[in-house]
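The following pair of complexes shares a single chain, subunit A, combined with subunit B in the former and subunit C in the latter.
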Partner chain A sequence: MSSQQRLATWTPPRAAGRREAVRRRRGQSYVRALLLLPAFLSLAFVTVYPLGFTVYASLTDWNLFNYGAPIAFVGLANWANLWRDPNFLIAFKNTAVFALVAAPLTYIVGLTVAVALDGATVGKRFFRVLFWLPLMLSSVLVTLIVGRMMFDPFVGPITAVFAALGLPQVLWLADPRTALATIILLQVWWGTAYTIMLLLAALESLPPELNEAARVDGAGEWRAFWQITFPLLLPVSAAIFLIQVVDAWKVFDIINVLTGGGPGTATQSISLLVYQQGVQGGNISYASAMAWALTVVIALVAGVLYQFSRRWAQ
Partner chain B sequence: MGRSRAAWVFTYGVLIAWSAVLLVPMYWVVTTSFKTRPAITGGATFVPWVDFQPSLQAWTELFSRNASQWGPYFGNSLAISTATAALATVFGLMGGYALARWQRLGPLASAQFGFLLLGQRMFPAALLALPMLIMFQNLRLLDTRLGLIILYTAFGTPFAVWLLTEFIRGVPPEIEESAMIDGSSRLGVIFRITLPLVLPGLIGVFVLVLAGAWNEYFFALVLTFSESVTAPIFLANQINQTESVGWWYVSAIGIMSSLPLIVAALALQRFIQRGLVAGAVK
Partner chain C sequence: MTKGLNRRQLVQRAVGASAGVLAARGVTEAAVVAAPRAARQFEGTRITVVGREVTIPTLLELSQDWMRETGITVEPVVVSGDLGRKILQSAVTGAHLADVHLHDANIGADLYARGYYLEVPEAVKDAVAWDDIFPFQRDRLSTWQGTTFGIPYDGDNMFNTYRRDLMLDPANQEEFSAAYGYALDPETGPKTWREHDQYAEFFTGRPWAANGETGYGFASMFKRGGGLFWAYVSRAAAYAKHPSVPDFFFALDSGEPLINTEPFVRALTEWKAAMQAYAPPGAINTQWPENVDQLLAGRVAMTNYWADVGKDAQNPENSTVKGRLGFHFTPGSTEVYNQRDRAWETLPEVSYAPFLGFGGRNFAVSRTTPQAEACWEFVRHACTPEMTLQVSLTPGSGMDPVRQSQLSVDAWVNSPFQMERDEAERYLGAIEANLQSPNLVPDLRLPGWAQYQDALETAVSLALSGGSEPQPALDQAALQWRTVTDQLGGAEKQMGYYRDLLGV
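Coming up: the complex of A and B.
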């Protein structure tokens, strides 16, 4: 306001330089706002609007298929119902098991492969490219090919190999006892590529003298890794773990394509239940409450891991 | 060297084992696309010419009789993903330039703003899909390519801004300033000097956003149903429709849906890997 007034009034020649600077700075802030406009709009579109909308919807009895019926405000009734809904509790348990097993398993496999790859001398380029490829495959393709086809009890090679080795027949996805485990294996197959890439980048950025110094001290390679390399990987590891855990809690694609939550409710996940009840069933108010419960869990888990990563980074 | 024999065995044991885990399914999908019904329904067959006779049946079917069946869906995916990648890259360059060159943006330090951009990763698609469904219905964007382009661009732009900020920070402002003293405008400097220097980042962002949009499943499932159905939805529907799956045909479609992306990714892997690593760890 004051700068506008200043521009409107006459100023002595000595202030001309300052006036020019003010004009340029204001011009710059327009440019800045314009440059960031698409990013701001995107962010509002994919966060502010949906978050506000779902909070509101979760407090009503809005159902898409109640055409024309007035939408009533019901307070926290949807939220209260969540904890009495056996479908939600089963989905919650499955998702928790999935995240608690898949994320650490992905990290352990990824770390093992990344360390091996870092130590490779022959063929490193080939392995690096191969290990990274799954990232470019769609979730649907991975699910159909690696999941449905490889584990198919009739045409899949895994069943044939089990039979040839004299192992008992496993129905994998059709058996409630093994369905979730099979989906976890699939997630590991797919998700490890990213973990390998990030850990390898971190390993390669470590100074090579570290391990040599340890070896001169007489420490074995095993001990050198755990005492020197691994602690240096902790900050990166926390970031990777954060990504893996958050993604695991959100699991949808694999399960919807592969089992649709079955057999029975053995692989029902929270995201899948939100889709079934909100999009397919039209119960947008209850589904909103459910999706928010998931978001709160993810935020809590992410917050805890973030604190750890900051502590380790010091 | 000082590396022990045990370390060597560990290294190559792990590398070969993980290669096998990745390659066996890939081998399986490629060979299956050359199988016919008897080579599948009779139980698993492993080696062409040994326990089954390879055939081009699935591939000729795909490119002659059934081209009209999958063509529109692949066309939708191609149009949506290239438009999304182009828009997000341009928006990312704009926003990234602003974040890299100015320390403060109103009340926020630009580092905090960058954190905000990535925070959206936390929100599950399930939460965002419900409002999108209502909004798309009201705006008549349901089942349109434009709707998906807008949505995917909105998801890709914050990611692109974040990555490109890192790349643009790598170009010292002094280079731009010295060119501006020589009489060029700021826009001219950006196009002639900054842009060529961040080209690797732009390529990486373009391919990553393209891949994300090409492979996206959840929102396409919720927001399309006939006109603008994309390739992943089409592929997934191959299984749901019938009990007896034409695996040779599904395999061929699957290969076709991922091969262009794999070739592009292999050709440009240097750029993409840098982008992916910077995006996660910073």
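Coming up: the complex of A and C.
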């Protein structure tokens, strides 16, 4: 080999080391990919595939009870029908009202109780357990036992209080004007426990020096809360609020057990409608379109809230 | 009902009560004993059975000797939640839920049309005294396109249950006659819906209730998803089911929904007015358990319900009305709409149209079973008149009479229910009259029936809550019914099934 040839094939020692490092890195990333493969496959199988399948279903006329008939592609017909379906529009309105009222109210009540508990000097542990109790109850138990009993027109304690005060009897769940509000009230009671738990943990982790310094500088309780404590709680508050809003848009069990969507359509929610159409009625295609419409709405709402929460957190 | 007995003891009493009754009613010995089989022929065979939570354990408790004799072990499949949906899901996906099913009859179309069950062999029919079963359940609700897939086990039908003691009360008699110009009838209760609403008006707001509080006229299932469909249809049937016209839910020739026609609108209008005036406060959220509780608690004078209420009333721990009840047809009407002529007709006598709401339950053998022979062996044992009677006499089983042989007054008097003889006579008489009626209205046993049910329930609930007038609400429901029919293969296909159900 001539010196020129040798020069052509020669590589400096540093470049060879770089190539080796690249090869090693590549090898490592293959190993990583291999290790991630089971998780990716299971995610694809239990999440991506069903989601993709429901998108496909929403574009067909698939009905479980149309025996022997081939499944036809209908394009966006199911999606177009959503906006002409009075039941869907009512369910959309009810769900939006539920989410817009229940989530903020749950947060406000939760924050109030958490702050009060954080500052309590007596019975803190007792009240903490008391307020967390609803968290340990299943939704069906909450709705059936608490919801039904509390608002029972004959034996409910609320009815008794109204009667004792000489107020007229209110048919909480039986009157279309009050049914949704009653369900919101129950959701607030139930959801508050979760909010209290997280906010109380956040409050207890705040450095006390900041509040003490504010007091030394002459700030009152109220000002110290709004200017020190509340801003520090904003990151966790944003997360809680986001979860509450997303949960509220998916409301199903409370309504299903308490009113079944009635009286009339006064408490009909989108998730309940999806269940009635898809699970009970076998109308998979239309229920899929509804479920995806709900998912899109939730994603939009969550996106907007996320942007806000980032600003709050900053 | 006897206090402090466990299920085993209740079952033993039920066995005792049914002994000897069947032979006296002409059920053949062969049928009771079931078909001959070789001892321990199925040694080591295990089969599974799914059904209502109390019924299956009761049945298995009664089958211990049979299991020892045949060598077949029967295991219950416990399903939490809505059993009907679980069975439907398994049928739709072709999954194997259990070898033998006790399924709701009203989802029979969705199951039978798929060929999810095996055809019932003639030998099994013979072994279970097929002719002892009431005709409509036997010939229509257990078949699909002429093939028998199920064996009726529960004969759901709806009738009026009323406080006979209140109607016997001389003071009530006198006051009612003076107010309405005719007598309260303790033997039949109200015969028409007009009378029903007058009875209800009379008993509303008076302090006759069990605890001295104000009583109400009637309870009904007004809640969406809580039985509303059946309660409303059983009321509408009086006006909408003409004795000589089979069309009821649909016009048979066109498939056009009839639920927004005059009789249905009239029934809804009257029902809403009665609910607002004579039902307990918050009635719009009354579903099936509360509906029964209102009567048992002595709060309402009447309820139009399934036969279960007569059995539930016998437990003095939960009921204040044992021995005080009367039973008769769901109120009828002399004015009935002829759906073919599109005109009201005035009939010389009250026309009753008993509604077979829900349709009861049938035993069937899954096509997915690898043990068909053992399954049929079990079914021919479980569905004998003797076993059917014993199960129906066990409190909590939820099985109502579906056979002529189950209507023995002696059996019911001596059963754990300990029914008083005259109440048992009235109770069984009402069931027999219902199930033998030539003007029966079967439930909507069509493929996709849940979608039809939901559309009608939503519309009726909307009208009851004041969110819409009855006519536009029912028009909307009819529109949805047309859509559902189109989605399920069109009117011709669905009406073929409907005609098959009606036997026309």
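General remarks:
We adopt the following convention: the second predicted complex is superposed on the first by the 269 of 314 C-alpha atoms of A that agree within 3 Å, B and C clash if a C-alpha of one lies under 4 Å from a C-alpha of the other, contacts with A are read in each partner's own complex, and residues count from 1 in each chain.
Everything below uses one rule, namely that a contact is a pair of C-beta atoms (placed from the backbone, for glycine too) under 8 Å apart; a residue touches a chain by one contact, two chains touch by 3 or more.
These numbers come from a predicted model, not from an experiment.
Applying the stated contact rule after C-alpha superposition, one finds that A:Trp249 touches subunit B and leaves subunit C untouched. More residues of subunit A are touched by B (comparison of subunit B with subunit C).
Of the two partner chains placed around the shared chain by superposition, subunit C is the only one that A:Pro86 touches, whereas subunit B remains out of contact.
In the superposition on chain A, contact is made by A:Phe154 with both subunit B and subunit C. In the superposed model, A:Asn63 lies in contact with subunit C only, and not with subunit B. Once the two complexes are overlaid on the shared chain, A:Val279 sits against subunit B and subunit C alike. The intersection of subunit A residues touching subunit B with those touching subunit C, taken from the two complexes, comprises 154, 256, 279. Listing the residues of subunit A that touch subunit C in their complex gives 61, 63-67, 69, 86-87, 152-154, 169, 171, 173-174, 176, 256, 258-266, 268, 276-277, 279-283. On the subunit A side of its complex with subunit B, the touching residues are 28, 31-32, 34-36, 38-39, 41-43, 45-47, 49-51, 53-54, 57, 109, 112-113, 115-117, 119-120, 123, 127, 129-141, 143-146, 148-150, 154-157, 159-160, 189, 194, 197-198, 201-202, 212, 215, 221, 236, 239-240, 243, 246, 249-250, 252-253, 256-257, 270-271, 274-275, 278-279, 284, 287-288, 291-292, 294-295, 298-299, 302. Chain contact summary for the complex, subunit C toward subunit A: residues 85, 88, 92, 110, 113-114, 223-226, 280-285, 287, 447-448, 450-451, 454, 458, 461-468, 476, 484, 487-489. Those residues of subunit B that touch subunit A in the shared complex are 2-4, 6-7, 10-15, 18-19, 21-25, 28-29, 32, 40-41, 43-44, 46, 91-92, 94-95, 97-99, 102, 105, 116-117, 119-135, 150-151, 153-155, 157-158, 161, 211, 214-215, 217-218, 221-222, 231-233, 235-236, 238-239, 245, 247, 250-251, 254, 257-258, 261-262, 265-266, 269, 273, 276-277, 280-281.
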